[in-house]
Amino acid sequence: MLVRCVVYRDGERLADIEPHEIHHYIARPGCFVWVALFEPDAATLEVLQAEFDLHPLAVEDAQHGHQRPKLEEYGDSLFAVLQMIESVDGELRAGEVDIFVGRNYIMSVRSRAERGFSEVRARCEREPALLKHGSGYVFYALMDAVVDRYFPILQEVETELERIEEQIFADTSPRANIEALYALKQKLMVCRHAVGPLLESLGNVSGARVPQVCFGMQEYFRDIADHLQRLNQNIESMRETISTAISVNLSMITLQESETMKRLAAYAALIAVPTLIAGIYGMNFDHMPELRWRYGYFATLAVMTAIDGYLFYRFHKAKWL
Amino acid sequence: MLVRCVVYRDGERLADIEPHEIHHYIARPGCFVWVALFEPDAATLEVLQAEFDLHPLAVEDAQHGHQRPKLEEYGDSLFAVLQMIESVDGELRAGEVDIFVGRNYIMSVRSRAERGFSEVRARCEREPALLKHGSGYVFYALMDAVVDRYFPILQEVETELERIEEQIFADTSPRANIEALYALKQKLMVCRHAVGPLLESLGNVSGARVPQVCFGMQEYFRDIADHLQRLNQNIESMRETISTAISVNLSMITLQESETMKRLAAYAALIAVPTLIAGIYGMNFDHMPELRWRYGYFATLAVMTAIDGYLFYRFHKAKWL
Amino acid sequence: MLVRCVVYRDGERLADIEPHEIHHYIARPGCFVWVALFEPDAATLEVLQAEFDLHPLAVEDAQHGHQRPKLEEYGDSLFAVLQMIESVDGELRAGEVDIFVGRNYIMSVRSRAERGFSEVRARCEREPALLKHGSGYVFYALMDAVVDRYFPILQEVETELERIEEQIFADTSPRANIEALYALKQKLMVCRHAVGPLLESLGNVSGARVPQVCFGMQEYFRDIADHLQRLNQNIESMRETISTAISVNLSMITLQESETMKRLAAYAALIAVPTLIAGIYGMNFDHMPELRWRYGYFATLAVMTAIDGYLFYRFHKAKWL
Amino acid sequence: MLVRCVVYRDGERLADIEPHEIHHYIARPGCFVWVALFEPDAATLEVLQAEFDLHPLAVEDAQHGHQRPKLEEYGDSLFAVLQMIESVDGELRAGEVDIFVGRNYIMSVRSRAERGFSEVRARCEREPALLKHGSGYVFYALMDAVVDRYFPILQEVETELERIEEQIFADTSPRANIEALYALKQKLMVCRHAVGPLLESLGNVSGARVPQVCFGMQEYFRDIADHLQRLNQNIESMRETISTAISVNLSMITLQESETMKRLAAYAALIAVPTLIAGIYGMNFDHMPELRWRYGYFATLAVMTAIDGYLFYRFHKAKWL
Amino acid sequence: MLVRCVVYRDGERLADIEPHEIHHYIARPGCFVWVALFEPDAATLEVLQAEFDLHPLAVEDAQHGHQRPKLEEYGDSLFAVLQMIESVDGELRAGEVDIFVGRNYIMSVRSRAERGFSEVRARCEREPALLKHGSGYVFYALMDAVVDRYFPILQEVETELERIEEQIFADTSPRANIEALYALKQKLMVCRHAVGPLLESLGNVSGARVPQVCFGMQEYFRDIADHLQRLNQNIESMRETISTAISVNLSMITLQESETMKRLAAYAALIAVPTLIAGIYGMNFDHMPELRWRYGYFATLAVMTAIDGYLFYRFHKAKWL
C-alpha cells in the first residue's frame, strides 16, 4: 500500500506525486522524493525499484522481510533495516521498516507494525531549516523515531521485572514467578535483536567511514548510536538481573521446601509423642499401677497436652512453626 | 562418482565433456568448466587435480573430509569447505561439500549428503546474464543454496524448542524434557559448527581483501554473510534459551517435589490424627468415662471424621491438596 | 539554579559575573569562564547555550538527563556526562553532572545529586599555577572529584559483602542472605553503569586522539583512567564473588536441609521404636508371658529408655543430633 | 640423551655426525643439521648451545621444561615449545618437545613423552623433493606430527563423554557420572593447554609476519593452524557439553529423589491406613458392635487388604509405584 | 626507610652514597644509581623526587599505595607498580613494590611485604656483564624476581585445590569443602589481580612500542611476559575448576541427601511393618482365633522378625542400607 509520495525542494513540500512520476523529479537539482509504503505488493515495489534504480538484493530483502537490523551500502545509496517493536496483548511483536536512501530520495517500507511515520513527516515539514539537508536528514528522523519508540517498551519490561522481584522475596507463587521470568527473558531477546545489530552497523555511519548521504550529519547519527547504547546497556543489565533472579528463585524454592519440611516435622512430632504415650498405656501388662489410678486417664491427657504445649513453644521459638 | 562435467561459454552451456578433456577447455578464453562430484574415489580426484592443477593440501582435505567450514586461498584459486546439514530420523547429520574455484573452473565435491546441486545448475542455466560472470557466480550460487538449506533445519529445531517450552510449564514428563533439551543442544551445536566458521571466513570475501575470482560480486557474498549472521543470531538465542530452560526445568522439578511433599504431608496428617485418637481410646485405664458411654464409639468416629474434614478443608484452601 | 559564574585570568579569579556578560569575557584572550549550575530551568540553559554557542544535541541531553556516562566532541568543544553516586538510606542513587568544555569556558550542570563542587573550585583557586592551564585543568579537577567519590561508595558495598559472607557460613538467616546478595548485585550495577562507560570513553582523552582542550594534560587524564580501572576491577571481582556467594548459599541451604532431615529422622526413630514396643505389648494374645510378670511394665519402660539412650548416643556420634 | 644427529644436503642424508662437528657442517652452503635429543643433560645442551649459537633464554626454557606452547623469534632463529599428550592408565600426561630452528639447523628436545619422531625422519627422507626445502620443512613435519597425535587423544575423550551421556539418562550410578564428568573436564583442560596457546602463536607463522625460516611454506603452516582450529572447536564443544551434562545430571538426581520420595510415600500410605483401622478396633469402648460380630476380625482384614489393593492400583496408575 | 643507595659504573659498584648526593652522580656519564626504599616517609620521598625529578602523579601513587599493577611512561622515564604476594597464616597478603626507572637511575619502593630484594642486588653484582646494560637490566631483574615469587604461591593454591577435590568425592565434610572452595576462589582473585593487569601493560614493553630504558632488552621482558602468561593460564584453569567443583559439590550434597532419605525410609519400613502387625493383634474383636493359640504371640514375633529380615535383605541388595 502506498501511504504517501511527496516531492520536497529546499525543505518545503512541492507536491504529492504518483510513483511513476518520480524519475522526473529526482532528475531536478535540489529536489528529493520521500515515499512511504506499508506492506506493498510486488508490483508496487517493482515500479519503485525501476524509478529509483534500487539494487535487486536490497529489494529482495524488503520483499521477504524478517531481516535482522542492518545498514548496507549499495554504491552511493544506503539500505537500512530497522525493527519496530509493538506490545500487543502483553506480547512483544517485532515489525520491520526497510529504508532505501539515495542522494535525492528516501523510501520507507513498513511491515507488521501498526504505527506509521506520519508524525515524523509532520515534524520534518515544521522544520524546513533542517529538512533542507535532504534525504539524509529524513533518514535520521525516521531512525530516531524508531529508536525512541524502544524506550517505553523497555520501560514496560523493566516495570514487570520489578514487580516479579518483589514477589520472589514475598514467597508467593514461585511457579508464576518462574514462568514470568522466562517470558520476560524472551521479551528481552526481542528487544536485543532489534537494538544490538543496529548499534553495530550504525558504527559505520557515526564513525570514520561515513556514507555520502549521511555526510555532515554524523553528530545526529552519533546521538542515535548513543541512545542505542543506553538501550543496550539496560537490556544487558536486565538480562543479568533475570539470570540472577532465576537462580535466586531456585534458592527461595529450596529454602521454602526446607522450611515447609521443618514445619511438617514439628506437627508430626506434636502427634507422634502423644501417640507413643497412648501406646504405652495401651499395653496389657497385668501390673501397671497408673492404669488403676482414679485420675490416671485425665493425668495422661494432661501430660500429653503439656508436652505438646512445651514442644509447640520450642518449635515456635525456633521459628519452625 | 562424477555427477556432471560441463563447459560454459558466455553464460551458455557448450558441451558435456569427459574429465580428461578439461585442460583443453580451460585454456580457451571465455570458457569455464563446472564439475560436480559425489564421494569420488582417489583415482578420479587425482585426474582432476592434474587437470585443474589443484594444490595437494586442498585435495588432501577434500579426500579426508570432516573439515570445518573454511575458505582458503591458494594463489589465484579458492578452496572452500561447507557443511550440509540434513535431518535424518530426527537426528541432524552433517555432510560436506568442498569447492575448488579458479578463474575458469569450479569443482564441487559432495560427501555424506543426499541432496545434490542439480537445481542450482538448472537455475544458473536459466539466467545466462548472471552465469556470464563465470565461476565466481557459480561459487556464489552454490554457497547460497547451501546456506538457504540451513533455514528449514533451524526452523525445525525452533519448533521443537517451543514444544518443549510448553511442556516445562505444563509439569508433565520432566525427565523427557531434560533429555529433549539436551538433544536439542547437541543439534544446535551441529548447526553452529556449520554456520560459525563459515561466517568468519566469509569476512574476507565480502570485506576488504577480496579474492580475484569473487571480484565484482562482493554484494552477493555480503548477502550470504548477512544470511549467516541471521542464522547465527538465531542459534545464539536458542542456545541461551535452552540454558535458561534447563535451569528453569530444574526449578520446576524442585518446585514439584516441594508440592508433592506438601500433599503427602497433608495426607499423612489425615491419617495420623485419627490414629492418635484411636490410640488414646485404646489405653487401658480403669477409669475412662468416655469408654462407658453408649455412643462413645460412634461419637469418636464422628469426631475423627469431623477433624479430618476440617483438615481437608484447610489443606485444600492452602492449595496443599 | 545558577550556583556560580566566575571569570579567571592567568589562574587568578577576576570577577563574579552574570550569565549574559559571558560573551564579553570569553572573547578576551587569556580569560576563561567557569559556570556551575544545579538543575537549571530551560530559560537559564537557553541563555548559556547562546553565550557559549553550545551544540543543540548536547544541550538537549543535559536537559533530559538520565544519560549514560560519555565524552563527546562537538567540533573544538567537549561534552561530558558523569554519574554521581550517593548513598541515601542504604540505597545507591545515581545523579548526574553534565560538563561542557571549550577552549575558554567550562560549565557544569549537576542534577539529582546533593553534593556540589565548591571544594573543587576552592582547591583550584589555591593552586593558580595549575589553574593557569585553563578550562582543561578544571575539567580534569571536576572529573577527578567525581571519580574519587566513587571509592567510599564501593568501599561500603565491599564491607557489606564481607558481612554477608560471614553470615553465609554461619548458617543463620539464609533468606536474608539471598535478599542482601540480590540487593548488593543491584547496587554494584549502579556503580558499574557509572564507571564502565566512562572508562571506555576516557580512552580517547588519555590515548592517541586527544581533544584540543585536554592537550598537554594527558598524564592527568591517564591518572583518572587508572583510578577508573581500579574501580572497575573491584566491581568485576565483587560481581564474581556475589555470583559465587549466591551459588554457595544455595549449597548451604541444601546442606542445611539435608542436616535437618537427618536430625528429624533421628528424633522420629527415638519415638517410633518405643511405639513399636508399646504396640507389641498392646497385643491381645492369651499367652504372653511378659504381661504376667510383676515388673514387666517397668522392665519394658526401662528397655524403651535404654534403646532410646543407645540410639541417641549413636546419632550423636554420627553428628545427626 | 642424544637420539640422532644427521647432516642433509639437497634433501639427501649426508652423514651421521657427532655434536662437536656440527659447526663445520652448518658453515657449508646447502647443508643443514637435524639433531634429536631426549631429556638431555646440561652438558649436552651446553655443547649444542655453543655449536648452534642458541639464545640463553631459549636454552633455559628447554632445560626447565613445563613451558606453555609458544613460538618465539630470536633474531633469525625460532624457538618453539609444543606439548605432547599421551594417555597413560586412563590419565592424560603432557610431555613436551622444544624445537630450535635456524636457517641451516633444527634441533628437537623431547621430554616426558614416550613416543619419538623417528617416523617423521623416515618420512622426510623418503621425500627428498620436500626435504630440499631445508629446516623449515622439517619444522613443519615435526609440528604436523605432534598435532596429528592430538586427534586420537581427543577422540578417546569424546568416546568417554558419549558413554557417560548414555548413563546419565539411564539413571544408573549418578555418583560415578559426576566423578567421570569431573575427570573428563580435567582431561579436556590438558588438551586445551596444548592446543590453545599453540594456535595463537601459530597465527604469526601462517599470517602476515612470517619468520624467515618458514618462508615459502605458509600454506603448510596454515594447514596445521586449520587442524588446531578444528581441535579447538571440538574441545570447546565438549567443554560446553560437559557443563550442560553436569547441570543435567543434577536435574536427574533431583528428579530421582523426587520419584523415590513418591514411591516411599506410597508405601507409607499402604502401611499407615491399615494401622489406623487396627487402631480404631483396638479402642476399648464398651459398646463397639463390630467387635462382637462373628467374622468382624476377618471382615476387617479383608477391608484392609481391599483398601491397600485399591491404593496400590491408584499409585501404580499414577506411576508412583 | 632507606634500605640502600648505591652508584654503579660499567656494571661495577662504585660507592654507597647518601640520597642528597644522587644528583651529582646521575649527571656523570656511564653511572647509574640504584635506590631501595621500604615504606619511606613523606620527607624521604620528597628528597628523592627532587633528586630524580620524578613526576608528582607517580610519586603520589607510590605514597598512597594500593595501586593495581601497571607500567606508565612519564616522558623518558617509567613508573611501574607490581604486587608482591605473601602467604601469611594461610591467607594471601598483597604487598606492593613501586619502581621508578630512568636512563641512569632506578628506585624501588616496597610496602606491606616482608621479603626484600637484597638477593636481586647480589645476583646483579655477580654478573657485571649484564649489569653494564644499566637501569633497564636492574628493572628486568627486579620484575623477574617478583614474578618468580608468584609460582610457589600458586603452587600452594593448586595443592590445596587437589586436597579439596579428593574430599568432595570422598563425601566427607561437604560444609568444609564449600568454605574451602570459597576461600580458594578469593585467594585466586588476589593472584589474578597481581598477574592480569601486569601482563596487559607488559605488552607495551615486549611488543612494538618499547620505552627507551628497556631498549635492547625486549627478549628479556618477553620472557617475563611468557611467565605471566603461564601463571595466568593456571589461574584461569583453577578458576574454572573451582566453579565446576562448587557445582559438583552441590550435586554431591543433593545426591547424599537422596541416599540418606532412602536409608531413613528403609529403617522406617523396618519399624512400621511390625507396628502394623502389632496393631492388628491389638484389636479387640471377640473372635480372633490367633489370639487363642498357645504360641500365637511367639509366632507373631517370629513373623515380624522374618519380615524385617527379608526387608533388610532386599534393602541391602538395592544398596539402600
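Note that the chains take the letters A, B, C, D and E in the order they are written out, and that residue 1 is the start of every chain.
We take it that contacts are C-beta pairs under 8 Å (C-beta built on N, C-alpha and C of every residue); 3 or more make two chains touch, one makes a residue touch a chain.
Keep in mind it's a predicted model, so treat the numbers as computed, not measured.
Shared contact partners of chain A and chain D, listed by label: B. Per the C-alpha superposition, chain B sits rotated 70 degrees relative to chain D, a value rounded to a multiple of 5. Different-residue interface: chain D and chain E share under half of the residue numbers found at their contact.
Centres computed as Cα averages put chain A at a distance of 41 Å from chain E. Centres computed as Cα averages put chain C at a distance of 25 Å from chain E. Residue positions 247, 250, 254, 257, 261, 268, 272, 275, 279, 282-284, 288 of chain E each touch two or more of the other chains. If the chains shown are joined wherever they touch, the resulting network closes on itself as one ring, and no chain has more or fewer than two partners. Around the ring, the chains sit in the order D, E, C, A, B, counting from chain D and moving first to chain E.
For chain C in complex with chain E, the touching residues are 165, 169, 219-220, 222-223, 226, 229-230, 233, 237, 240-241, 244-245, 247-248, 250-252, 254-255, 257-258, 261-262, 265, 268-269, 272-273, 275-276, 279-280, 282-288.
Across the interface of their complex, chain B is touched by residues 55, 57, 61, 67-68, 70, 72, 74, 174-175, 178-179, 181-182, 185-186, 189, 193, 197, 243, 246-247, 249-250, 253-254, 256-257, 260-261, 264, 267-268, 271-272, 274-275, 278-279, 281-284, 288, 290-297, 300-301 of chain A.
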